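Working notes, beginning with the structure itself.
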Amino acid sequence: MLRGQFVLHETPIGVNLVDATMTSELNALFARVEASDSLAVIVFDSADPDFYLAHYDLSDSDEVKHVLAHPEEVHPWTALLARLSSLPVATISSIRGRARGAGSEFLLATDIRFASRERAIVGQFEIGMAAIPGGGPSSRLPGLVGRGRTFEILFGGLDYDGALAEMYGYVNRALPDGDLDGFVDAFASRVASFDLQTIRDIKHFVNLATQRPEAEYKDQMDAFRAAVNRPAQQYIARHLFEAGLQQRSDVERDLPHWVTRFPYRPASGGE
Amino acid sequence: MLRGQFVLHETPIGVNLVDATMTSELNALFARVEASDSLAVIVFDSADPDFYLAHYDLSDSDEVKHVLAHPEEVHPWTALLARLSSLPVATISSIRGRARGAGSEFLLATDIRFASRERAIVGQFEIGMAAIPGGGPSSRLPGLVGRGRTFEILFGGLDYDGALAEMYGYVNRALPDGDLDGFVDAFASRVASFDLQTIRDIKHFVNLATQRPEAEYKDQMDAFRAAVNRPAQQYIARHLFEAGLQQRSDVERDLPHWVTRFPYRPASGGE
Amino acid sequence: MLRGQFVLHETPIGVNLVDATMTSELNALFARVEASDSLAVIVFDSADPDFYLAHYDLSDSDEVKHVLAHPEEVHPWTALLARLSSLPVATISSIRGRARGAGSEFLLATDIRFASRERAIVGQFEIGMAAIPGGGPSSRLPGLVGRGRTFEILFGGLDYDGALAEMYGYVNRALPDGDLDGFVDAFASRVASFDLQTIRDIKHFVNLATQRPEAEYKDQMDAFRAAVNRPAQQYIARHLFEAGLQQRSDVERDLPHWVTRFPYRPASGGE
């Protein structure tokens, strides 16, 4: 068994973003997992109890520039999530704090999700920034929560707490916050004591019965890339950054509210 | 945002049937929606708090005669539901009162279902009239409630109240009756404030990941047409009409009970 | 309507195993069902309130020897479950007691599952014996409980009580133990009063919309056959038999615990 924690890389006021450093470290971890002949289980939890994984780093980084300039390449986030889904081990998200946008996409690509009933928050806020989620929840949510709740989650861009996420099937189960770590440890240790080949067989066959065509993921990411090139997304993003996006601020604490604060009006030229 | 209410067309003793007038008005509405470049959300609720949409008009109307005489044509109800599912906006059913048969099929073809916990009733009673449902719940329910609960709903022909419908995933969520309208208004207004292209993208990709082949819907409607040509359906329908079907009667209030009252016995010649 | 009870065949200390006698009797029953032009519903319950169906008979029987020696043949259990899923009647599992392994696979292949809230226990313990389940839950569970909970059930090999099984959708509904029989009788009698052709139509169309490709079931059973030829499975099975497997023992009462008691260590030669 292996326990991975999401940790802050750059600034003490950060909010656990999915950025180039993190994806690079995750890919290194996955390479280790794929090469191992003894690893059975990975648990992903967060060192920051308020932010499991806030969302994708939306700042104008070199990585974002490169990705937008090379639409012909498979987006590294699409590739990472596909790789995560296919790792030959059991992957478990132990969720405390906010997991929105790419944070939610990450946990949807793991096998199993256990959540703190009081402190987990999951959601896909992207529509509030005039962008479809790029990391595949349009394909992964229906197999967990059904078509109707998928539409609600993606159209509404709202937060889902542990109890509601459990009722919908967004997470496997919501546990009292004080019980979460013990429950996840016991479950993961149990799985880690079992036969490796059996874990690989189960992973293979359940994936076969549940995975969606790769083209769906590519097309959704392309639609996301198109969205971030439109004025609406850029207008909202600029205002959110000014208000405190990607800082430990009220914007990040209540993102579903803040995305409604800067409505883009193309008729008036936006600004 | 646009709010559509189902209203009675013909008689003050009616029960909000799906009839030729309603389908014609719905198609006119859909044409408006498809042509709009500003509409984002439609909410469907009912002016009659007891009957959201009772069921299909089973009287011997010109429309029914025409449809039965032309099996080679796509049934207008099949076509309407397919069109509803593909509208380039978010569609929300706000359910208070009974939605059985075609009423249930209608809300299953919308994107999102919010229900009154105390006053919503959903179900597919058709088996009680010796007919498979024709409007596709055999294909749409599994993606919401799973295979087992689909069989239960279709084989049993029973009513599901708000709480049970929520637990099964038949509706997204059941809300206290007094909260339903405010909740739906807030949700719909929120979605309507978001970017139109993003709504269309989400609609497109979730449909792609969840829609069933068209042939399934056609074949189910053909099986329904065959059923209404059999003596069993005609025998039960005739007796239900005599007892008060399609009137504001106990028959419509408790249809799952009344469909068991006139068992068809082919050995004894039916009647 | 027809009520089938699982009963003990051989020994008073048994635990309702899926063995050659039972599968032979089930196939005889299915032949009767397929030939009938009046049967509408089958209810499967157990004469043993503690063991609905414990699991597959793992003793070194002639049947097991034959099956392992003829991998080119469709496994009789795979064939039986496919046949069960396609019977032209409504099939209902009324679950009281333990249904693990093949017992769970059996009820997953029926149309509808009603469970005792206090006394039903369902689960797939096979991973604890170093084997993937062979009877298709990797394909059937996702359509009931979704991808994430499928992984949890198969990786964890734990027991699920009635309430949790209901929340997950593993069973349709959990009822207070004292209400279960009456509820199932009323439901089954209701369905049995309905039109036979309609039941067949519903069965046909819901199966069409939900069944998985046959190859998935064959491949999973092949993986199971490979597993029982490996030392790990044989080591754990031998120790479990010595401790009381397939007897009315604590091993059978708490199998998820007992499968962790004899960890196989290939490095040390197993034993």
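Odds and ends about this structure:
Read from first to last, the chains carry the letters A, B and C; within each, the first residue is number 1.
One rule holds for everything that comes next: a residue touches a chain if its C-beta (ideal position, glycine included) is under 8 Å from a C-beta of that chain, and two chains touch if they have at least 3 such contacts.
Only a predicted model underlies this, so the values are computations on that prediction, with no experimental measurement involved.
For the self-contact between chain B and chain C, the two sides draw on mostly distinct residue numbers; the shared fraction is below half. Overlaying chain A on chain C by C-alpha atoms takes a rotation of 120 degrees, rounded in steps of 5. Computed centre separation for the pair chain B/chain C is 35 angstrom, with centres defined by C-alpha atoms. Counting partner chains per residue, chain C has residues 145, 169 touching two or more of them. Of all residues in chain C, those touching chain B in their complex are 90, 111-113, 143-145, 166, 169, 171-173, 187, 190-191, 193-195, 197-199, 201-203, 205-206, 208-210.
Of all residues in chain C, those touching chain A in their complex are 126-128, 130-132, 138-139, 142, 145-152, 154-158, 167, 169, 212, 216, 219-220, 223, 227, 230, 232-233, 260, 263-264.
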